[in-house]
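Structures are listed in the sections that come next.
Here subunit A shows up in two complexes: once beside subunit B, once beside subunit C.
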Partner chain A sequence: MQPALKTTSIKQKTTQVLGISLEDARISKSYLSVAFIALLLGGLLGLLQGLNRAGVLQLPPWLNYYQVLTAHGILLVVVLSAFFTIGYFYAGLSHTLGGLLPKVRKMAWIGFWMKIFGFVLVVIPILRNEASVMYTFYPPMAASPMFYFGLVFIVLGVWMLSFGAFTQVANWRRNHKGEHLPILAFFATGVFVLLVGATAFVAVEVIFMIIPWTLGWVDGINVLLARTLFWAFGHTAVNIWYLTAVSAWYVVVPKIIGGTRWNDLLTRMVVIPLVIMNITGGFHHQIIDPGISESIKYMHVFMSLAIGFPSLMTAYAMFRVFERTARAKGGKGLVGWYKKMPWGDVRFLAPFIAMVAFIPAGAGGIVQSTNQLDQVVHNTMWVVGHFHLTLGMSVVMTFFGISYWLVPYLSKRVLTPAMNRLGVIQTVIWTIGMVIMAISMHIVGLFGSPRRTSFTTYGDFAEKLGWNPYMALVGIGATLLLLAVILQVYAVFNLMFFAPKGTTEFPIAEEEAGAEKTPYWTERWGIWVVLMLLVVSMAYVLPIVDMILNAPPGSPPFKTW
Partner chain B sequence: MKMHLDEKIWLFLSFGMIMGFMIFTGYQAVALGMGPPSHKETIDPRNVDQTAPFDKPGIKQIGENEYEVVMTLQVFSFTPMEIEVPAGSTVHFTLTSKDVVHGFQVANTNINAMVMPGHIQKISQKFEEPGEYLVLCNEYCGAGHQAMSTKIIVK
Partner chain C sequence: MNQFLFGLVLLIGLMLPPVARLMESVMIIHMHMQMPMLVIAGFFMAHLFLQRYPQFFNKYNQNGVPGILLFTIIMAYWLLPRTMDEALTIETVEIFKFVSLPFLAGVPLRDSWRRLSKTWKNNVITLFTVVFLGMGWLYIQSNDQLCNNYLVIDQVILGWGFITMAICMVIYLIYIFAVDPSQYE
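Here is the complex of A and B:
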């Protein structure tokens, strides 16, 4: 036991002093490259949509609006976010747990190629207009079977990576009995537990319901059940990307501003409920569905709103850390301390704006998860505005902020002042574009304009209902966003291959001096997983049994595009 | 673990806000009968045209100022297409889909419901103001989704 412990802790120290090993860096660099190529393509498609809905661009029949929208959703919600999350956390695991184990590295590569293979299978039918079914692929719309086989490979890849992460964490814990998992690895564990939990639902939907049905082995599908399984995955997925961003807020940002981390116990107590209560949040996407009773829907309002609580804890923690740090640097006054923050540092500025965006984004989320308010905005542009705030600002801007130190850390290069300035400009353009777009989407959604609908005037109703000026603003926002995307992608690849050589640290904030020791119960992952399963069963067993027992005759597949 | 007083206050307010949302939502849903459309009847999605009441879609007066509309949704239309009611009438919609998932939304009202094959959905609305109301499908349903709309005329 003792020698093993020694070698790992020596390895841990060498990794921290010498930087990441080439092999571990190659894994994260590959994931980040895919993520940012997906951003470029997804952003370009986003511009096409924005211009179409603004009424200034007609898309050709061989690349129609719904194809573009399906690809945009998958590239950004599934590829960019997942590849970034994995690249970032694998680098974090390597850095904080003493380098990846050889078998974990192998699992990371197998997972990588499974995911890439899956995406190729998904993209081919989309390009051939055989899968214009959106990122949600609600049956009984049926895409080409190849699309669903692709999804299966993506999920298998995610599982491979999750088990890789668990192997790494378990190995560390075996060698560090009684110690707390380093905080970034703690976040990573939560994220990978959720990834397995969430994708399990969509795997059941795709493997046991959709594939046999598109292959013609069964002739009907339970539409409501499929939707329910999808949303147990779909909403959790976006919350996982959010939890990834939150990890940087707690662990990285305090270091960048020259401060210390928020209370360790409270930080872990934010991660734990986000893991336990997350999956059940998905039901609020079905508040106005038939076939689910009002009492079940009411229970789910509670389950969705409960996730708001840890986020409100985070809001407090972040601003407290900022104020504490700024005051330690001589900041004065009730609000005057803000002048001491490093506003010109993109590694701070981007995640800071991301956090601020989460204030309206989170508030909008609480509004939307309540029954009657949801009915007003369900499936309108409001919802699109909401997830461009949450994902497009809170999550993605944090990812951008991370990229300005993570990429040079991996490539053993440095962020030059010039590149930092470019990053600040990029952050400002992105913020302006997203704010214009998200605000107009929220407003036009309240007026009733539907989401996922290509340009249409509805006779003269669009004009009469006052939608058109807002749609024009969406187009303007999308144009600015593409400009920011190009700058961001340029920055990432420059930092990966061309920036000056040097050492960049992996910024992990220390605990406050004299901080109390965190009790060990936070590390009982077995209990957290059991609690998660209990909450999931509480939420889903009753409605799913009802959906199966009282199911209507199944629906045949339709291709309506 | 020591917590600052202001953090305790903040968390107390946060908890209170979430509970407030719960209580208001529950009060509106239960006491005021404003719960979301959640009808639980099912239907064979392949035999909608042969199943009552959808064998005779249309509008029917069922009381003073009260109408029932039986409607099917299919790519990319609503049946019946044109609905006309006097101002001040309450309209009860009974809806189902003959193919994929559709949405039933009437702009400038609180009508918003998912309409799914195999399920019958119900939603009611009182139309006070005279005018033309846009009815649209708000769930992507295929190539002609953007054309799937009609109107309700309130006289």
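Here is the complex of A and C:
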């Protein structure tokens, strides 16, 4: 057992025995509700796009393809992921650190309403077709200033929540001197550190560059610099959602299959490098950008691939845990032990498929961060297929798997066999839909079909017509996915309000018996943060100073839609 | 032994002509990546030396001060624009770089760091913070080309590199002074 849990305080034990307090549960339930409503809306918009690209649905002028695309991206990449991550980790902090402090609860609510207010400000211009700038909002495309003010509030909300989490963790550590932070809270700390680090870049971009420019205070914007700041954030954001999913793989899944956790030190050693090295990975999104010299791009490939290393550690660790657990249950043979896994349990099945999906997803990511290979697929449907594998499968399916125990845990209800069966069906439909969609996107991307382009036959140009069968498959995939979304959202709200009352456990696996004690240096977060800042400054100072000092005159705002 | 081998492989890797040429082609990478990595290589290799020759280190570096002084002198030498230039144009100076940074900076750093008191450590970091701020100011405001081998824009970039690193060290020092570890450990 983890040393930190050995001497748990009375308060902590109470939380773990009696379950989460109503106030803490309300916070997480609110976040999860927003997340799954965003999933429903985002999924619906995804279907509209899929059908448009399949050529079967002409979108009306008052809700055009680019509006739908912008809203789909923001709802799913920003709202669903961020709200789920926060709801999940705040429940985890409450559970493992003995309930949230009253001031932390207050911070969580202030953060919640700031984010909601921000999203309202973001959504209004999108609906009025004044912000069809996609979720990446690259200048020189300029949306209504209201859109960017909304983003500022979202970032402020994220900071509030991050500092809430830090306050909670610092308080726990003051009361548990010399103990290791419980592993789920350790993951949460890493995630919130990264959230602050990543959003700092986008805050600089939006507050100091884009807002003065859209308000007309300055004439031009440094496009390359803005893109660089965006990707320092954007890439890290995606990795934050991934790290959230990974936390469940390490901490929760072993408990669900009846096993023990992977080595504690190695688990923490996955979190620490991911925190230190993550932000600099953003450059591989700019491999095709002009204005960054090739030697810089070449060196940044190292930084991107360095993040792959902890992922490879994770892949090994997970399958080792599976095999160890299955063999302990009598599993035999080279692959025969797989039969001993709880395949009928949605809480395992969904995250398991998520992990498997990360194998092709990670490989595709390496393709995209390699200069020459990326030149073939950059800005094509391949990229869309890639992040539907990473986010749409690896991350979101893990989130779905989590929801089947987290929601009943929060609402003090139970997952019934019928609901579990529904979850399995939902998982299967989602998997089939996403596999069809992502594979056809990858293939058609290799053929050159561009992303972010409304349906067109390019004047019936024969070669481009060859893309259409794949786009039809994208439409079919999107249809299946919406069906799965409806089932998932139904399951979540059923488990939140209608499932039978009862006690559901917060599944946290324990360490293997006789595991070695983890050294204390893993807890020195101050050092990890300074190292992160050092790596960031080493990686960014050269290109950014160059971009500023050798900047072109700057671009005026454009409304391309 | 593993640590020694890791350091040795890192040193040999950094010395490979294509790697060295690539890193030295950009001023800031030359000074802020290649040189620290050479020190890190020495830091790892020091493991073996400290095991084999404890007597030597105990005798000459009893309280860690001589070692950190040597480290500081070597680092200060390699901060000079002229030495960087010479490393690129004179082969013996290039060889001296690959010898001095790992063995005369990396090795004594490792031995001294465990011997130095907390105050000494913080003073060393403060010294380098001040030096980095000064070097940053020098490289940013100088309109003249300080190195024959690098452009003025490279100098300015390096200057900002010094400033950002100094900021990181300031943050670390604030962390050290503001957070009392006895409250947590």
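The working rule: the second predicted complex is superposed on the first by the 548 of 561 C-alpha atoms of A that agree within 3 Å, B and C clash if a C-alpha of one lies under 4 Å from a C-alpha of the other, contacts with A are read in each partner's own complex, and residues count from 1 in each chain.
Note that in this section a contact is a pair of C-beta atoms (placed from the backbone, for glycine too) under 8 Å apart; a residue touches a chain by one contact, two chains touch by 3 or more.
None of the values given here were measured: they were computed from a predicted structure.
Novice: Who does A:V356 touch here: subunit B (first), subunit C (second), both, or neither?
Specialist: In the superposition, A:V356 contacts neither subunit B nor subunit C.
Novice: For A:P140, decide between first (touching subunit B), second (touching subunit C), both and neither.
Specialist: In the superposition, A:P140 contacts subunit B only.
Novice: Looking only at subunit A, is it subunit B or subunit C that touches more of its residues?
Specialist: After superposing on chain A, more of subunit A is contacted by B.
Novice: So, does A:V541 touch the first partner subunit B, the second partner subunit C, both, or neither?
Specialist: second
Novice: With both complexes superposed on chain A, which partner does A:I292 reach: first (subunit B), second (subunit C), both or neither?
Specialist: first
Novice: According to the stated criteria, A:N550 is in contact with first (subunit B), second (subunit C), both, or neither; which is it?
Specialist: Both: A:N550 reaches subunit B and subunit C.
Novice: On the A-aligned overlay, A:D374 touches which partner chain: subunit B = first, subunit C = second, or both, or neither?
Specialist: So A:D374 only meets subunit B here.
Novice: Which of the two partners, first being subunit B and second being subunit C, lies in contact with A:I207: first, second, both, or neither?
Specialist: A:I207 sits against neither subunit B nor subunit C.
Novice: Once the shared chain is lined up, is A:G526 touching subunit B (first), subunit C (second), both, or neither of them?
Specialist: The second partner, subunit C, only.
Novice: Once the structures are superposed on A, label A:F558 by its partner contacts, choosing first (subunit B), second (subunit C), both or neither.
Specialist: Touch partner of A:F558: subunit B, not subunit C.
Novice: Please write out, lowest number first, the residues of subunit A touched by both subunit B and subunit C across the two complexes.
Specialist: 298, 550
Novice: For the complex, which residues does subunit C have touching subunit A?
Specialist: 22, 25-26, 28-29, 32-33, 153, 156-157, 160-161, 164-165, 167-168, 171-172, 175, 179, 183-185
Novice: Flag every residue of subunit A that touches subunit B in the complex, lowest number first.
Specialist: 64, 66, 132, 134, 138, 140-141, 222-224, 227, 263, 265-266, 286-294, 297-298, 301-302, 305-306, 308-309, 312-313, 316, 320, 366, 370-372, 374-376, 378-380, 447-448, 450-456, 458-459, 461, 465, 516, 550-556, 558, 560-561
Novice: Residues of subunit A touching subunit C in their complex?
Specialist: 170, 173-174, 177-178, 295-296, 298-299, 520, 523, 526-527, 529-530, 533-534, 537-538, 541-542, 545-546, 549-550
Novice: Spell out the residues on subunit B that touch subunit A in their complex, using ranges where they run on.
Specialist: 1-4, 7, 10-11, 14-15, 17-18, 21-22, 24-26, 28-29, 34-40, 42-46, 75, 99-101, 103, 105, 107-108, 110, 112-121, 134, 136-143, 145-147, 149, 151
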